[in-house]
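Here come two complexes built around chain A, the first alongside chain B, the second alongside chain C.
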Partner chain A sequence: MSRDPTIPPRPGPRLLRGAGLVVGAVCLLPLLYLAVRAVAGGGLAEVLLRERSLGVAGRTFLLAGAVAAASAGLGLPLAWLTSRTDLPARRFLTGLLALPLAVPSYVAGFAAATALGPRGLLYRLLEPVTGWERLPEIYGFPGAFLVLASLNYPYVFLAARARFARLDGSLPDAARVLGAGRWRRFSRVTLPLMGGALLSGSLLAALYTLSDFGAVSLMRYETFTWAIYNAYRGSLDRHTAAGLALLLVLAALLVLALARRFERAHAPAAFGSARARPLRPHRLGRWRWPAVFGCLLVLAPALLLPVSVCLFWLFQAPAGAGVGLASALLRTGLASGTAAAVTVALAIPVAFLAVRFPSRGSAALKVAVHIGFGLPGLVVGLSLVYFSVQLAPFVYQTLGLLIFAYALHALPQAVAPLEGTLAPISPRIDDAARTLGAGWIRRHLAITLPLLRPGLAAGAALVFLTCVKELPATLMLAPTGFRTLATTVWNAAENVELGRAAAASLLLLFSSGVVLVAVLRASGPLPARSG
Partner chain B sequence: MSSGARRAALLLEGVTKRFPSPGTGGPVRTVLDGVDLEVRQGTCTAVLGPSGGGKTTLLRIVAGLETPDAGRIRLAGGEVNGPGVFVPPERRRVGFVFQDYALFPHLTARENAAFGVPGPTGRTRAREALRLVGLEDVGGHRPHELSGGEQQRVALARALAPQPALVLLDEPFSNLDAALRAGVREEVARILSRLDMTAVLVTHDREEAFLLADRVVLLLGGRVVRAGAPEDLARDPGSRAAARFLGETNLLPAESDGKRAVSEIGPVELLAPWTGGAPPTGRVEVLLPVDGLLVEPFAEERPGPSAAPPLAKLVRAAFHGAFQLLEARLPSGRILKVRSPARELWQGLLSPGQSVRIRPAGPAPAYPRGDPDAD
Partner chain C sequence: MKSSLNMGGQPAPPVVPPPVRRFGGVLLGAALLMGCGGVPEPDTLTIYCGRGESLVGPVVEAFEAETGIAVEIRYGGTADMAAQILEEGDASPADVYYGQDAGALGQLALEGRLRPLPDSILERVDGRFRDPGGRWVGTTGRARVFVYNTELVDPADLPATIHGLTDPRWKGRLGWAPTNGSFQAFVTAIRVLEGEEAARDWLVGMLANEPVAYPNNTSIYQAAADGEIEVALSNHYYLFRFLVQHGDGFSARSMHSDAGGPGSLINISGGGVVDTAGNPEAAERFLSYLLTDAVQERFSRETFEYPLVPGIATDPAVTPLEEINPPDLDLGVLGDLRGTLDLLRDVGAI
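Up next, the complex of A and B:
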């Protein structure tokens, strides 16, 4: 698309700019309010001075670092296997290996805790044979690490796959002609080119570990999120909660900024030729089937275990375990569906300003919106509780506020596919319609809307998926008695109603799996993890 | 062509447009500086200028897609831009062929062509327009299923279907590869002249402008520096800057007495300036087009008269089939470029190292030297 250099960037129509300003302000408001509360209320100072906070921070970063490292260690080899080798059933395995993204951490956490706990299902299986007293402890770090690493490695896996796919095949060949052996080619050419993707993917895995609430709460591992929730719940000690939340947000935004930075470093456009030569796949030989088995092994804690454990508990469930699940499903669909529509509507001005009218203002708006990626759902929930209780009590505990929280949380996911759809459309198309006599309404009904439909649909599906799984904000903001599938699973797991938790989990897995498959078919971007 | 009786289809008076410099909020850049332009009914005018020189902005202003900061525009007799007057693009009845075609990707070729004519007549007109551009067979195809040349013709059909008073073409052939360009260009010229359509085409390609237009307008630095028939521009671009932009020419220092100028290749008879008046005197530069020079191989046994121009030595002779492109070094070291027709079925081609005599084929324009205004 050639742009006439004599036509400069411009700020865009006033209506669009106004809408952008409102969306930007709305995105930043809860965060600013939280910051003000945390600092002015003394919560931040108090938290910083407490010795316990050090432990919380240490545990959080230990877990995030371990998950990031494990994600890189799993994601890179899996990406290599599925994109550079003659692995059997590559396409199918690729889809399967991305699927853990659709599994909420509290479902996997529930399954791991009840199956691998000291006297869990595995113990019951092994006990008659081995006569062991108990299995090693799963609660705490080991359980949280196992669950989050097995769910978050796809961030590295997918990023690395995308890089492998664009890697110019003549680069390793050039190294080979220059006399580099197999190891040198990998360490000096391939790995550095993959480095950016590897780092940004690992940092994303770390980010979603930082913001995870479901797994750490069920595994009783006190990281920031669980500590915040306990401070908020237990003592109504809101200053401490606000202080901890602000620290968490700062850490998350730092990680997000680093991830974005590395994502751009060595971006695919910067290396290799325009017509990249595809790489020859490596022959695995007799390692083919062991490699397939390895892939399936990675999937065990994320997919196999939750599904089988939930099925087991379901068949053991007492009568009445499924009471209220149908209405929970309905409510989940209602809240998430409305949120998807609202979010996509908010995303339209953001995407238009970013793509069509690039300027400092629209860049700032993009940053404001993308901060949402770094805001844990728990923090969004907490800040909106404060905000509504203090300044707008009439919205506290309404469905509207919950939907608003969902929209804030998921907005970046609606913006990205819309931008992707808008960018390749010539901006002259609107001009063409004007010179052909079409007025504002006809232009948007006949041209803009149909052209944007794929982006709108993909964005709505991604938002829907995120909201269906969302746990902490829902726990804090849902009107009394308004149970979604997510809160049903978590509450039932907390109350050791295993059958009920299992039934709700399966319902949740099935419905979000259906949506995820639809999204991947449309080759959408990565869904964010939540829960 | 020279139908002075035909009325103006488009009239621009003092059209000025300023943009803030890139790096927003910076100083203002004047892209169009008091442009006057008259396009007569049924003619094709080419606006020729360097890339980024405001040509596209000019077209967008005529279409109503940009608003000028000053000036008036009349379209088919009615004012569309002026103090307190602005007719929006959707009511101007101007066809526009965009550089990237801007075809609606979700509509078929036929639906694209019918877009500008709502209602049942749209289908008929679309069919006619597609037949006109020779594409009735691919009416059901989407743009991405068409070749570049076909997309270009669908864009033309779409612009013509509403029967506009004027059609504007923005670098219409720049996205086609060279092999396709010549054919599509001729096809478009044929269609426009068959419809007796008034057209304004902007291009940075001199050959394209000369080939397609009845009248060429040279836009340099946001101003119209020269306008006229292609052959007039080729003979006298009007200034040294214009000559340098048009290319395919040599500028040689000379001393003028107002009728003739004496240069390194001998005396050159001077052409009266296109603006009227007498040729400049004193230190000038004469314009010698590559096609306006005669080259003869120098024969030892036939010494010329004492007044004969000095000898030049060929340093390059590139074979182009129909002609040879020569570079000759004058005694001063200056290089002259000459396009020499290949005569007698390529007998007697010139070769590098040969000594030649060069003289002008006819009178040439001269521009004052060191006059910053003429530059």
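Up next, the complex of A and C:
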């Protein structure tokens, strides 16, 4: 993160530090729970001695690394195409390209298995033409990678778009004057400026991959999360499961450490002046329509496939498909909307401490905040069962606790965009307002918050999309009888009522899409547009 | 028209329309209000249910109407709900645990989380289908079967016992769900009925045939119907749910085999009263209600499971229990899953 070098590091106001401390402590609750379970029950020792753990760890890292790399590889060019070129239907494509974030991995995984399985729907379409015996194997790494990469690249896409939007055109222009060619300008000027966006987006994609169960179970790829679920489900073996989950935390910490090392090595000194010169959009020429086709191709596994499979099931078994969907939609909106507001509020002190007052403490806080996102919902849920029952039984299975669980899980998604917005805002604006006699409250209400609005809105949207599709913690912690769209999908699928599961999935996708488009419209700075 | 979802771009003047803010306030207020209503009324019956809502929901409504007892029911996975009761400890709000695997019920009983049931409940079902210690009772039964693709397999070629599946001619044609509770209960049954060595040999023999591992029974049936695999091990009643949705064109069928052996094991769905139940009388009434003739008939009709109360007819589409000849096995042993999981891990099946 950039900081004006002339301002000496400060520990931060006491209120901010206090808030940060509280948020950090709360984020460590799942870790504390795992330590109690794994160490007390001997689960950690058992897991460490198990030969298979090594293979599970290897597969987990392979998948997380591959998904992070693919997210960067897809997200950056797509962001460039939609914000820096004269691509047709850019605005429409931008909305579509962000939408895979709203697709639950269990829906995408099920759709991929149904459609791309060795003898699935695609096979049945192709068989009369090709006469093939079966399609190439999708299960294992290829399927898990395909599903997770196609769902998670928007983390990089959105972060990179935001960075492109405020890229200072004078920097590449200066490079051009100095004689740098097109490739050199991109690789030596633009790309390093994109480093932070690539990193924060890929980090979220990698952590999400660590936590995912839906895709890896349906695609049959045995990662840590798969092993954790099986330990719980097989024999209610909480100790082994906790031991595995602690290893998963270690994996998340390793990913975070790598990200931090990379961040330090590549932090740009400045993004450019506040009054950035807009960049001229590149002309794609005859590549315009192939580029549109490329964008649609990326959407095929993440959107087209789940939607078509859901429609197929809906037509196959439409009876009773709409039962209870309206109330589930309302409750989903209530829980996820409130969670988005709460999470963004919690993210504010974290982002301020990280950007304005960088120190060991604020770095540790950032790490703590990310742990909950790398853990499967089942573990976050059980840890909150444990603590709330022991310490605050009156909140157990209330909406408040569910929202708290959502916030704990989704917090880093609100922190990242907020940091991105805060970083280029000079603290001297605040100092100036102080000199002019504005009080603390007035300064923040009148100046800071409006300046942060784009970051707040983007963070809230990301958190909302994550909460809408969250399943295991919702099943565990929601008030009794509180059914969301995600739990409706689960309930119906469990009963082989595939039409109803499909209807609920489609409604989930559609409503997430509406919210996403609304935020796209309301949230701020628009890329300079000409031609 | 311009737009971009922004993860931190340049500051812009606030343009959020006031109604949006007001709506946010309403959301928050409503959330706080709902947050207050979390603790159930003392005379409410709280059920943790590991079975599907569309099946159990109407039964619960009828129970409420008949008895006047208010019910709060949570749905989740059979194992997940049991794990949650263990994690809640003494403070568990659950009165009844109702799940679909004798293994999970046995686990709860082993951990001391179920209280003994009165004979009036236990004696409604055959001794094979309840806990020998009297802490849980089966409500419906499900049989293990071979599932096969009707276009690729002639049922006459299917082996007479599960051991026939280890023949090399089945290599690359099999499917199973090794992480699924009912499969693991079945492996426990092999260990108990035929011994540890036989169970290990069977698993090793199966693995040599490279069975495709599916996450659950639904995907097994789907894969068998698609011809992704030819023969698989599963439970009997899923077939009939698929037939209801797809009609007779569904290309998978099932066959009962391995008479008297683990391959014809009858597992149960069933319930027990949680040891910390605040409302044990209502909990027992609910379990009794599940064992009334009317509810047993309803389950038989709607889920194609076996009613466990004697004298209730099985759905005509389903092979009657008497013809299956299930093994003589005390289902209480299914609660000891530790050895089964160790074995499955040891041979590399999970």
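One rule holds for everything that comes next: the second predicted complex is superposed on the first by the 295 of 531 C-alpha atoms of A that agree within 3 Å, B and C clash if a C-alpha of one lies under 4 Å from a C-alpha of the other, contacts with A are read in each partner's own complex, and residues count from 1 in each chain.
Here, a contact is a pair of C-beta atoms (placed from the backbone, for glycine too) under 8 Å apart; a residue touches a chain by one contact, two chains touch by 3 or more.
Everything quoted here is computed from the prediction, not taken from an experiment.
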Partner chain in contact with A:202 - chain B first, chain C second, else both or neither: neither
Touching partner for A:60 - first (chain B), second (chain C), both, neither: neither
First, second, both or neither for A:211, with chain B first and chain C second: neither
Chain touching more of chain A, residue-wise (chain B, chain C): C
First, second, both or neither for A:425, with chain B first and chain C second: both
Chain B versus chain C as contact partner of A:480, first or second or both or neither: second
Touching partner for A:451 - first (chain B), second (chain C), both, neither: both
First, second, both or neither for A:220, with chain B first and chain C second: second
First, second, both or neither for A:492, with chain B first and chain C second: second
Which superposed partner A:337 touches (first chain B, second chain C, both, neither): second
Doubly contacted residues of chain A, that is, touched by chain B and again by chain C: 425, 450-451
Contact set on chain A toward chain B in their complex: 1-2, 4-9, 359-360, 425-426, 428-429, 431-439, 446-447, 450-451
Residue ranges of chain A touching chain C (in the complex, touch as defined): 50, 52, 83, 91, 94-95, 98, 113-114, 117-120, 123, 134, 139, 158-159, 161-163, 165-166, 197, 200, 217-218, 220, 229-230, 232-238, 276, 316-317, 333-335, 337-338, 341, 378, 382, 385-386, 389-390, 393-401, 403, 416-425, 450-455, 457-459, 461, 472, 475-476, 479-481, 487, 491-500, 516, 519-527, 529
Residues on chain C engaged by chain A in the complex (per definition of touch): 1-16, 20, 24, 27-28, 30-32, 34-40, 46, 52-55, 72-77, 79-80, 82-84, 86-89, 91-93, 103-104, 107, 111, 179, 181, 184, 212-215, 218-219, 222-223, 226-228, 238, 241-242, 245-246, 337-338, 341, 345, 348, 350
Chain B residues within the chain A interface of the complex: 19-22, 24, 31, 51-57, 60, 63-66, 88-96, 98-106, 115-116, 118, 158-159, 162
